[in-house]
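Just below sit the structures, each encoded as structure tokens.
Two complexes, one shared chain (subunit A), two partners (subunit B, subunit C).
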Partner chain A sequence: MRSLIGALAALVLLAEPALAQEAARRYGDFPVIGSRAAVWVAAQLHLFFAAFVLGVPMFAVVAEVIGIKSGEERFDKLAKEFTRLLLVSYSATAVWGAVLVFALVTLYPGVWTYLAEIFDVSMWVYVGIFFFESATLYLYYYGWDLWKEGRAKWFHWGLGILLNLWGTTVMFIANSWLTYMMSPPAEVTPDTAPGMVQFWSAFANATWMPINIHRLIANVVFGGAIVGAYAAYRFLMAETDEERAHYDWMGYIGNFVAISALIVLPFAGYWLGREIYEFNQQMGITMMGGFMSWLWIVQAFLIGVLFLTGNYYLWVGMGRIPGAERFQPYTKYMLVVLVLGVIVWATPHSMIASRDEISAMGGQFHPFLGVLGVMSAKNTAVNLMILTTFLSFLLYRRANKEPVVGWAGRGTMVQGALFGIAALVVLFYGVYGYFVPAIVRIGFSVYQVLAVLSTIVAVVVLDVLMLRGATSRGEIRWGQMPPRSQYALFILAVTFTWLMGLMGFARSGIRQHWHVFEVMRDTSVDAATPALGYASVVISVCVLIFLGMVAFIFWVGGLAEKPIITKAARGEGPHAALQPAGGD
Partner chain B sequence: MRFLDTPFRQALAVLVVAYVLIDFGIPYIPPLFGVDSAPVPNTVVLQYLLTVLAGLLLWVSDNDERWTEFKRPIQEVLVRPDKRVGRAVLLVAVPVLVAFVTWGRVKPEVTAPPSFRSIHPAPPRSITFQGETMQLAGLENPLRSEGSLEAHNEVGKRVYYQNCLPCHGDALDGLGHYAHGFNPAPLNFQDVGTIAQLTESFVFWRVAKGGPGLPREGTPWNSAMPAWENLLTADEIWSVILFLYEQTGNDPRTWEEAGAEEGEH
Partner chain C sequence: MLLQNLKIVLVVLGTLGLYTWVANAIPQVESEVPAQLSFGADVTPEELVSAGGQLFAGAGACVTCHGLEDRAPALLSDYGGAGPIGQRCADRVEGMDCKEYLYASLADPYSYLVEPFGPIMPDQRINLSEDQLWSLVAYLQDQGGEVTVTGADLQSTQASSAGGAASQGGGGAATAAASGPSSDATEATAVMQANLCFGCHKLGDQGVVLGPPFDGIGSRRDAAYLRNSILNPNAEVPEGYQEVAGLMPPNFGQMLTAGQLETIVQFLASQR
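Right after this comes the complex of A and B.
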């Protein structure tokens, strides 16, 4: 017994300095801005670039396969141009990733050691796949002209698919680390040694898959928006009509990709939100109803900006489509729906009001406008905005086409009826939601979403069938876009970037004073969740740094392409065949 | 309506109509139809008008012809020699207006600044009530399944009138005798945005722990609600909660099978 006590005492004596040393090294200190802001900026910039680098290859391979199938070279050129933007951005992603890792290792060594002990194997796999991803990207880009014909072209396209696979896998792995910090498995407690945490249950935690899907779609949206901004920049700098035509078309594709993916993003976000509630109700309420709730009002505003700007770009674009004038009178009604939608969506439930205003309202809730502050109203507004945006796309697509099938008139009426029914379903459940208990109301949003999604699918199918062999009222006059439309593309890119930073903060901030929620407490000087004002400043600085770096990348991209385009414009170079794109 | 024959004037007219509707229409029109309303806080008026203004700018510029027409009067006032007087007036009036608004926003006032606080605190998973631990997640009002609801309501009514009336009011509308002395104001239980959105366990937590028991996140709460656990028994609190729902005709939020709950701002 004595020897046992002696051994234990020796162990304690041996362990004590080690523990003290560990505690001392738990946090580092970063000058001026502090450790948290340093890690925050590094992580945010890494994520901005990573989102772009993961989103762009997805539509690059789509553009390439359209080019292969249709034989239209402009799609192939577009895909290559997308990929060229990737090259420099890829380096920036890696650089910021390295900065993030060094920041974590030096400033948060305790957290890093803890995570590394659980996720070490996945970290090695991550690095390995990153290596393969780099090699694939270089082969994909530099092999473009080498593997251009026949089966070699399909091999090249296969490289693009592989690039996406690597990229998606890398993202899924990294997502497991951050989602573990948000939603560790129930069996992990503050006393669980990291070595005892089961790898797979930590890896595939409650919010892992919802984040994967949400990010996958959001990356496409983000990539589309940044590509749109690139095209806008090149359009405004263009010296020839050919260049303007090309970049006008590219901007349209970027906007199309961004807005199309944006339409489905809220559904993925809704799933993520639900999973957060399922995991921990307190966390969910902190996010949606607690001190993070103002971010959702900011989000509503910013998404409102996206919807308004995306539609605006399409409406201005109608000016260059022969036949679009017959639809232009309707845009003002769509604008009214969108403006009302933004107003409803961004109406806060508890309002910022002075003492006098509060006493006039009889509380923080407005007796009349209060009904707009709850989810029934907001879900209704956003679904109607999605329907309106889809209608804008439809009219844009229809603008210069004249259907020749005999049932075109009836088909259009059916399409109109489908829109009407979907809008009625959305409104019905929106209003009915006020008269049923919350538990029933939650399910209503599913019906609203289903009505909108099924309408979109049915109308698209009808439209494709109806426009088979349609005659043209004239080619789209690519390049004849007023410059202000290009600023709309800039607004889209800036807003998406900002939104991503803000909502990323919401996702990460709901852990509050925990590194790993309810498992590993943040005991650093930065343990308090930052105030929204401070968070907005940090995120805005990140957005500025990112956009500054992106501007540099655009400029570099321009350096590489400029001589080719100029030669093409003069009809001298190998790209002399670069044509203003026709059709859409 | 010759006045409204240019996009500039049309946009201006829409903006003015929107302002009138928001600032005067919302507080005064619904009461004509028996619907309760109140003046709209300035922050919300500004938010709505900015949205309308953004919409108007999109409308005037989504078409080349309209955009040129819209800009024409602005350009004329800024450039044409015969508009010199109007230009001079505008160049003085606009900065004066901006200065006036700025002064209005920065001048010292005795009233408290607008409160910018979250209203919906996240409840803890469990609380300690009079020495016992209670799990809030999934917790139902035990009085709904034992004894007579009527009797519980009677107890709740007595508890309410003895303790809650001075602040929350006779009509449970947050307009008690002392209500005007508090900021934030006592909750209006008749409002569909309050207890109708909450589970009974949430309300129990709020009654039991009051202002002092609000979470650290989102401080300062400034709530004057006392911690009633020091004065009432658990059954009395559950009874008064029954009474609140019974009197307002609201149903408490129920628990989902998996324990998920929707959040609302």
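Right after this comes the complex of A and C.
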């Protein structure tokens, strides 16, 4: 299939080179929904699946190495089950990739020709690496039971690492194409023939690396969330306590991975935002304060849902941990911090307002909300929310443990003090930010972030040392989770997926009526960038198609697994002794 | 099992429905494409003001910055006690009337920065046609002042723009200096801005000192040297700049027209 894509790329490369503006003026037509929506849906679905198949191998290898080091077989089983989900999702990724290429070739041939002429070499490299990635994946999955012991197991783990390397490289290459459209090098103008564009300067453009890092982390978040939802489904459908316990644990790991990576994601987002501003201030302003300003309010609402749901899942989960009851009184205070944080974060500020709206507010900014809507308040809110979520994880982790080291009391006090200092630093710079110019204020967010990150690192180190040899107040009762907690995992998965679609719209939409920003103008009937309402409908449709396909893929995967387990358990059939296909 | 599946589907649909509803409940703002305008010589001030007003509030995205007063000065309301832009534009630059000033500040915004705001406004000629620029000028004049833009203004810059485009093979950023009521210095500055020269070279208040500064460069280098160093930047690296050797793109020979190159060279040679 990829060869076919390559052949198509070669065909369009044979076309006459044309200047950017001339090249853009060729468009196809797609019935009913139009060309833009068709390409949008294909690209978004390709990205959803791609994010999943890139995120899952990352924690599959982490789970596998934990299994090797700790000797706990459940981690190895978990890694293998993740990889099985990966295997069945891989073809869907390739299918949507092909649909996207066909859509571009037929609906936006001018744009495709232009990009292919600049990036032809990297397209062939992409295809080559894709072959290696596929081969490595098959070896990694189908060699799981073959290379199970001793050195062979480490070789197998090395395959997992290699799989991640291939996957990351493929993503980095594809990212260069889309980031070029967003931030082409300064020397490229509408008069520059694509053949004259220097490859490396186009490839390593201004937003390439920030997008790479942002997507890398986001893929982990996304993979964790989807695995969590899968585990939740299997938990709800489980027929035995053993099955329920396994999927409860798997759901916890998925949620842990997703929320842990989510905590780091805003920092990558800051970097990306800063690079966008450095590339073109107007683009940055369009993104944050222009026609997209309301998008960030919706984003704040979604992230609020993520923080609240993620914490809720942890708090409910503490019900199955002996000893956790001593921490439960604190959850209401954490809830208050989170709710206040969401309210502040979702406060509008720099909005495009009509004359009527301005006169109704009595000025450009709302007299009360204007104070909360500025970045000083928002940065303070989000950093305190991150600290609170980290505290939830910490309490969850310590719930059933009783430290035995002599300095446990002092250690806990130091941890508390670190939390307090971090919160004070965040609040101090939040308030101080109101009294300094904007250029100084922007630098304060770095101090706030550093305070939170260093606290997280220091507290974790202390905790690990303090809980060495800790006694247990009782084992976690895996499987004894109320069903409502599993619906929280579904909400997390839907929200992460929707948020990814929304951010994709933001990244692509800030180019406005340009295929390649200020180089190749979009002269099609769909050149205007739609409002958020229309975008939300497209995103919801994409999410629905994605989740529907994922459900189908997982169901098909389950078909091959279940009958064999049942027969093996009963000791029936000619292959009763066989292990489940790809199974547990 | 069926009931369980149904519950899951309802949770998923409910969550999607909630997000879609929230996104539709907020104000809907579309990023429009600047509409093509084509006015004749008999265009009336009212037509220009009307078109300019639509651009200002819509596709021109001017309200994104002009109005909040934390990014750019307010234009439709009083700023600094001098009234809206139509009242104060004639007093901004000595020797420039309101019309000249407004056009020049749209075409070359970095040269007409208002303290204390930073250089964030792009050259509007990248996005807008001459007719659109003049309609914006008319609209801004109408904010407390008298509209003096006429069809003759449009025709003079259209002719200038067309001439420039014909000699340069198209429009766009690199050809930006070809149009507008500008002197040679303004034209050279616009070409250099469009080609990001000030990303590395400093001239007056513009740019950063990464490569050799342009201030006084005419007293240090002659035109032939300047021409050669633009076309072949790595041929001779000035002392003290070896660390940044290779940074300047070697393809300005392809990117600039002969006219643009000479405009820059003569301008730099005159910086003494």
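Here are a few things to note about the model shown:
Rule of thumb we're sticking to: the second predicted complex is superposed on the first by the 521 of 584 C-alpha atoms of A that agree within 3 Å, B and C clash if a C-alpha of one lies under 4 Å from a C-alpha of the other, contacts with A are read in each partner's own complex, and residues count from 1 in each chain.
The rule is simple: a contact is a pair of C-beta atoms (placed from the backbone, for glycine too) under 8 Å apart; a residue touches a chain by one contact, two chains touch by 3 or more.
Small disclaimer: the values here were computed from a predicted structure and weren't measured.
Overlap between subunit B and subunit C is detected when the two structures are superposed via subunit A. Of the two partner chains placed by superposition, only subunit B is touched by A:T347; subunit C is not.
In the overlay built on the shared chain, the residue A:M123 is in contact with neither subunit B nor subunit C. By the touch criterion stated above, A:L453 is placed in contact with neither subunit B nor subunit C. Once the two complexes are laid over each other on the shared chain, residue contacts for A:I68 go to neither subunit B nor subunit C. By the touch criterion stated above, A:L165 is placed in contact with neither subunit B nor subunit C.
Once the two structures are superposed, subunit B and subunit C can be ranked by residues of subunit A touched, with B on top. Contacts of A:T529 after superposition: both subunit B and subunit C are touched. By the touch criterion stated above, A:W294 is placed in contact with subunit B and with subunit C alike.
Using the contact criterion defined above for the overlaid structures, shared-chain residue A:V101 touches neither subunit B nor subunit C, since it reaches no partner.
When both complexes are overlaid on chain A, the residue A:P482 reaches subunit B alone and has no touch with subunit C.
With the complexes overlaid on chain A C-alpha atoms, the stretch of subunit C that clashes with subunit B is 56-64, out of 56-64, 164-172 or 254-262. Counting contacts as defined above, subunit A residues 280-282, 285-286, 289-291, 293-294, 297, 350-352, 364, 438, 512, 529 meet subunit B in one complex and subunit C in the other.
Contact residues on subunit A toward subunit C in their complex (touch as defined above): 19, 21, 186-187, 189-192, 196, 198, 201, 233, 236-237, 280-282, 285-286, 289-294, 297-298, 301-302, 350-352, 364, 438, 487, 490-491, 494-495, 498, 509, 512-513, 518, 522, 527-533, 535-537, 539-540, 543-544, 547. The residues of subunit B lying in touch with subunit A in their complex are 26-27, 30, 35-44, 47-48, 51-52, 54-55, 58-59, 61-64, 67, 111-125, 137, 173-175, 180, 183-188, 191-194, 196-197, 217-218, 251, 253-256, 258-265. Those residues of subunit A lying in contact with subunit B across their complex are 273-274, 277-278, 280-291, 293-294, 296-297, 304-305, 308, 312, 315-316, 319, 328, 331-332, 335-336, 338-339, 342-343, 346-371, 373-375, 434, 437-439, 441-442, 482, 484, 512, 529. Contacts from subunit C toward subunit A in the complex involve residues 1, 4, 7-8, 11-13, 15-17, 19-20, 22-24, 26-34, 61, 63-65, 67-71, 118-122, 126, 168-175, 194-196, 199, 249, 251-252, 254-255.
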